[in-house]
Amino acid sequence: MKTRVISSVLSLVMLFTMLGLQPATAQDSVSEFVFAHGGPIRTMDAPVTWFGSTHWLTNLLYDCLIWRAADGDGYVPQAAEDWENLDDLTWRFTLREGNTFHNGEPLDAEAVKWNLDRVRTREDFLVQPQWTFIDEVIIVDNLTVDVITKEPRPYFEYDVSYNGCELLPPDYMEEVGEEEFARIPVGSGPYKLTEFTESDRYVFEAWDEYWGGRPEVDRVIYQVIPEQSAQVAALLAGQVDLIPSVPVPDRQMIEGADGISLVTETSNRMHLFYLRVETETGAVSETYPDYVPATLDQNVRQAISHALDRALLADVQGAATPTLLRACSYTPEGSVGKYADPATIEEWYNPELAKELLAEAGFADGEGPTIYLDAPTFQSGNEKEVAEVAAVMLEEVGFNVELNVLDTSAYNEQISSGGNNRDLNLVTLGCSPSLVPSFYQCEWVQANYNVCVEEWDAIGEEIARTVDPDARLALWEQWWDYYMDYSQTLTLYEIDNVMAYNSSEFEFVPRKDGWFTFRDIKLADG
Amino acid sequence: MNTQTDIESKSKSNVNVLELTPQKRRSTKILKSLLQSPVGIIGSVIVTIVIVLAIIGPAISPHDPTDSNLRARFQPPGYSDETGNYILGTDQLGRDILSRIIAGSRVSVLVGITSVLIAGTIGVIYGLISGFFGGLIDTIMMRVADGILSIPFIILVVAISGVVGAGLATLILILGLTGWVTYSRVVRAEVLKTREMEYITAAYAIGQNRWRVMIFHILPNVISSAIVLAAVQVGVTILAESSLSFLGLGVKSPIVTWGLMLADGRQYINSAWWMTTFPGIAITITVLGVVFLGDWMRDFLDPNVRGRG
Amino acid sequence: MKGFIFARFAQMIITVFIVSLIVFFLVRLKGDPIAVMVPPTFNEDQIARMREVWGFDKPLGEQYLIFLSKAVTGDFGESIQARRPAMELVVERLGYTYMLAFTSALIGITLAIPLGVISALRRNSKIDLLSTTLSSLGTAMPSFWLGLMLMIVFSVNLRLLPAFGALEPASLIMPSLTLGVGMAARLSRLTRSAMLEILNQDYIRTAYSKGLGVRVVVIRHALRNALIPIVTVLGLQLGWLLGGSVVVESVFSWPGLGRLMIESINVRDITVVQAGLFWFALSFILINFIVDTLYVFIDPRIQYS
């Protein structure tokens, strides 16, 4: 009997050893950069989806007309080698001579028109609403395209390089149909997609005929590794070259590891609290018929704002920069006016002032109103922990906090999009200035909030029309005054990514827009 | 060939001894058997310690398990500062791991044992009836069970929490309602086997009706598998609670469970190993105690083993 | 026998049908699938229009009928996220999940049965206590913990095995070990218990007294009868594994069905959830059917009256 056990165990061991000793896939002299992606990854038919983390990949596969510069300063040419603003409503793009897609199909004005028309008219595309600013696309000649907008767009370049700008080959698409295209996508970017398993592993190979020249690294692989600790292990095992987020307790260990470097850069996302200022939108008045938000009172909202120690919350998040405005610090709009001043931000945390404001709202010291705080567990950071600590801070000035932390997808479905959010709900959002004012206009109704302040509305409208940068920034200063005063949205901080990568083989400079796309990844010198 | 002769089938050892034992000596018999079995001793000692901890825990806890000490996050075991000693280290909010383990014993044990009792009771009864009566009843009952098994746990959980709301009661409900099918299938299988045995026919022959046969003759013979299964399921249930907590579908703050501690520490295993290792040890010891206790109970109730000393 | 198989087949179809009905409504029970799909910056009008485009504004009954009429032809709709047929995505992952499931089951049985039998034969001895402790450890250990520990030892420290993916045969080792150990722990307890029950019965003593050796008695007589509960639980465990083990697939980035299901549930890619679930239900019911049939072969006295 004993021998049976021993022999079964031995044979298992032998089997495994044999499996392990299979010759590893021959290591060519091909340079290969592997990125650990948290998943999921959606379709490669780029305009269909709005998810940024999928567009990190499509950015390798496709060119747009123009695109954001890595350091956040301006825009760079891609399929268009030149562009100019002809008048208030017209922008002219000049395409490259002889530029083609990976399969040889020409990338000309007709192709561009097909793409822009497709993305702005297809109602099943989730990015479509973002493209309705275009009125018409006109083919001037084979290499020249005019884009006519409905209204003057001060942020036109941002708008035209938004998700969905990817240029797909029309002839190929019409030939194989959308379903087959999703299986074998073709673009005109510096990398071709040679093989992939849906939402699991994507292998990109450098394309020799790219107009900008063949990229330096031969192969870029996006490997989905859902578990964060497995990502760290994979990096330490030398099987992955970059991980997007290093958990706080692992940072010291990784810093000390040979050949691995830690680097921090903004993720271009923020954590914010939405506060209830009315009960008509969403389902909240049905779900909680007797509920009257304490946050209807502006004093209460401002009290909440001053009760939060944003620096500490940033710490809990892991790596973040405390902010008061709903815009990134590197954009001009995010650095204008007194609220962008670090001194103001530091002094904003003022529990005494919070208590005073509460008293003014009719709540004697220590007996604040009951407020409900809704948060997801883990969306782009430590939402659960941040919410827990925020709750503690609010209780310290007298609020009675009912904390409700939900699984992220249930949170999105029921609270956020369901409009069942109560006094406070924690959201993660991007920080581009192009759209922000529209979110605070009377006609913009979202399930979980609607803000209507006439004068504020008017300033927002003007910003959307003002093309002159200085005049626009002056308007922004006024806009921020309203934002801070009204306190419906409380910005907490701009989240940073703390990344770790294989510095012995690669030279990696993170983009300032938080995107993990690797057109320009370089090999380390020496 | 494996045959049973008539003489053997009427052997006393296959008749339920419990029926013949005078009731008033039962409790002494239990205690005596317990003390004679090393497995029983270890098991009951462990389980007793855990239950005692669950009851008096808060009184002996070095810190408040929900007290965050944000300056002392992710500290390794042996850390101490002006707020006290943190023998087993701190978690992501600076809370004392040891205190949380003590606090967690309450709910984890409650959840583990309650769900298993609910699931086990439903499952055993279900399987007993299904296997015993057979025919159309068995068919329908088993297809229903199949159906329930076919719904992935996670969908069921998300759907139920969506309607009823997450929390302790929902947790126990879900774990109980999804766990019973295993017991029913195992018990049913045993019943199918047992009901064909000659001593059952003998019981009918001496005039016992169907219900008496089912409860007093078949049940004791099939229950040992269910007990062993139940003991194992306690551990499985505590871990299932951990998966739910990881998804945010488990208990809410400020309730602490070992499963929640595992979930909290999951992403930090590479460095802050103490966040998962210590609750894991607590779970393992508890499971060990329950398994040993279950083994003893099983031996005690198994008519084939009793009477042989 | 034929009648039995035919009847079970019919029951199988009915059960799968009912289960798909239940799940169809479960995933739409509360909340709005469209709401999870769209960017957080969509306003109410845009959401309403998207709902229309994808057919979610139709009454539930109508939605179900549309789903059903397509499903009988094998068309489970298109994945909203991937723009490819939902069933295609499921089928792509099946091979990986099955590979992992069967290997883990194999490991489980290989470890569990000898261990359980020995523990039963040497009840209350040191070896029995050791095996009990080991199997308690096996059931109490969280699979993500075991998986990550294996990864740290074999991938990070020893640099022997791949930390993720299913790219080479060696990738199978750690995930299947992780699952197999848990399975072995559960099965060995059951094996021991079932064996104990049988070993003490009179007919076993009779067999010994006839002069049959331990090996023959144990394997041909005792173990065979003990197989009934073992096969039952093995069937259940295998059924679950065939649905994809979410934790292990997540830890080892194994491209299996479990991960696909979780992702699809999280983004409410309903068509994929329905397709995957259909497959899961089918395989589970099929396995239970096989198990029920096996009972008759293992113990000829069992009849389905």
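Letters A, B and C mark the chains in the order given here, with residues in each chain numbered from 1 onward.
As a convention for this text, contacts are C-beta pairs under 8 Å (C-beta built on N, C-alpha and C of every residue); 3 or more make two chains touch, one makes a residue touch a chain.
Source: prediction; values computed, not measured.
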Pair exhibiting more inter-chain C-beta contacts, B-C or A-B: B-C
Central chain (distance from its CA mean to the mean of all protein CA atoms): C
Inter-centroid spacing, subunit C versus subunit A (mean Cα positions, whole Å): 36
Inter-centroid spacing, subunit C versus subunit B (mean Cα positions, whole Å): 20
Subunit A and subunit B, separation of their C-alpha mean positions in angstrom: 44
Touching two or more other chains - residues of subunit A: 227, 229, 233, 236, 408-410, 414
Numbers and ranges of subunit B residues touching at least 2 other chains: 158, 162, 266, 269-270
Per-residue multi-chain contacts in subunit C, two or more chains: 30-31, 144, 148, 152, 265
Residues on subunit A engaged by subunit C in the complex (per definition of touch): 1-2, 4-5, 8-9, 12, 16, 19-20, 22, 24-25, 39-40, 42-43, 45, 48-50, 123-124, 126, 129, 178-179, 182-183, 197-201, 223-227, 229-230, 233-234, 236-240, 281, 408-410, 412-414, 416-418, 427, 429, 435, 439, 444-447
Residue ranges of subunit B touching subunit C (in the complex, touch as defined): 2-4, 8, 11, 13-14, 37-39, 134-135, 138-139, 142-143, 146-147, 149-152, 154-156, 158-159, 162-163, 181-182, 185-186, 189-190, 192-193, 196-197, 221, 224-225, 228-229, 231-232, 235-236, 238-239, 242-243, 262, 266, 269-270, 276-277, 280, 283-284, 286-288, 291-292, 295, 298-299, 302, 304-305, 308
Touching residues (chain side subunit B, partner subunit A) in the complex: 68, 70, 73-74, 92-93, 158, 161-162, 166, 247-249, 252-253, 266-272
Residue ranges of subunit C in contact with subunit A within the complex: 30-33, 35-47, 49-50, 53-54, 78, 81-85, 89, 92, 107, 110-111, 114-115, 117-118, 121, 144, 148, 151-152, 155-156, 159-165, 167-170, 172-173, 177, 214-215, 218, 250-253, 255, 259-260, 263, 265-268
Complex contacts: residues of subunit A adjacent to subunit B: 227-229, 232-233, 236, 247-250, 252-253, 312, 315-316, 376-378, 382, 384-385, 388-389, 392, 403-411, 414
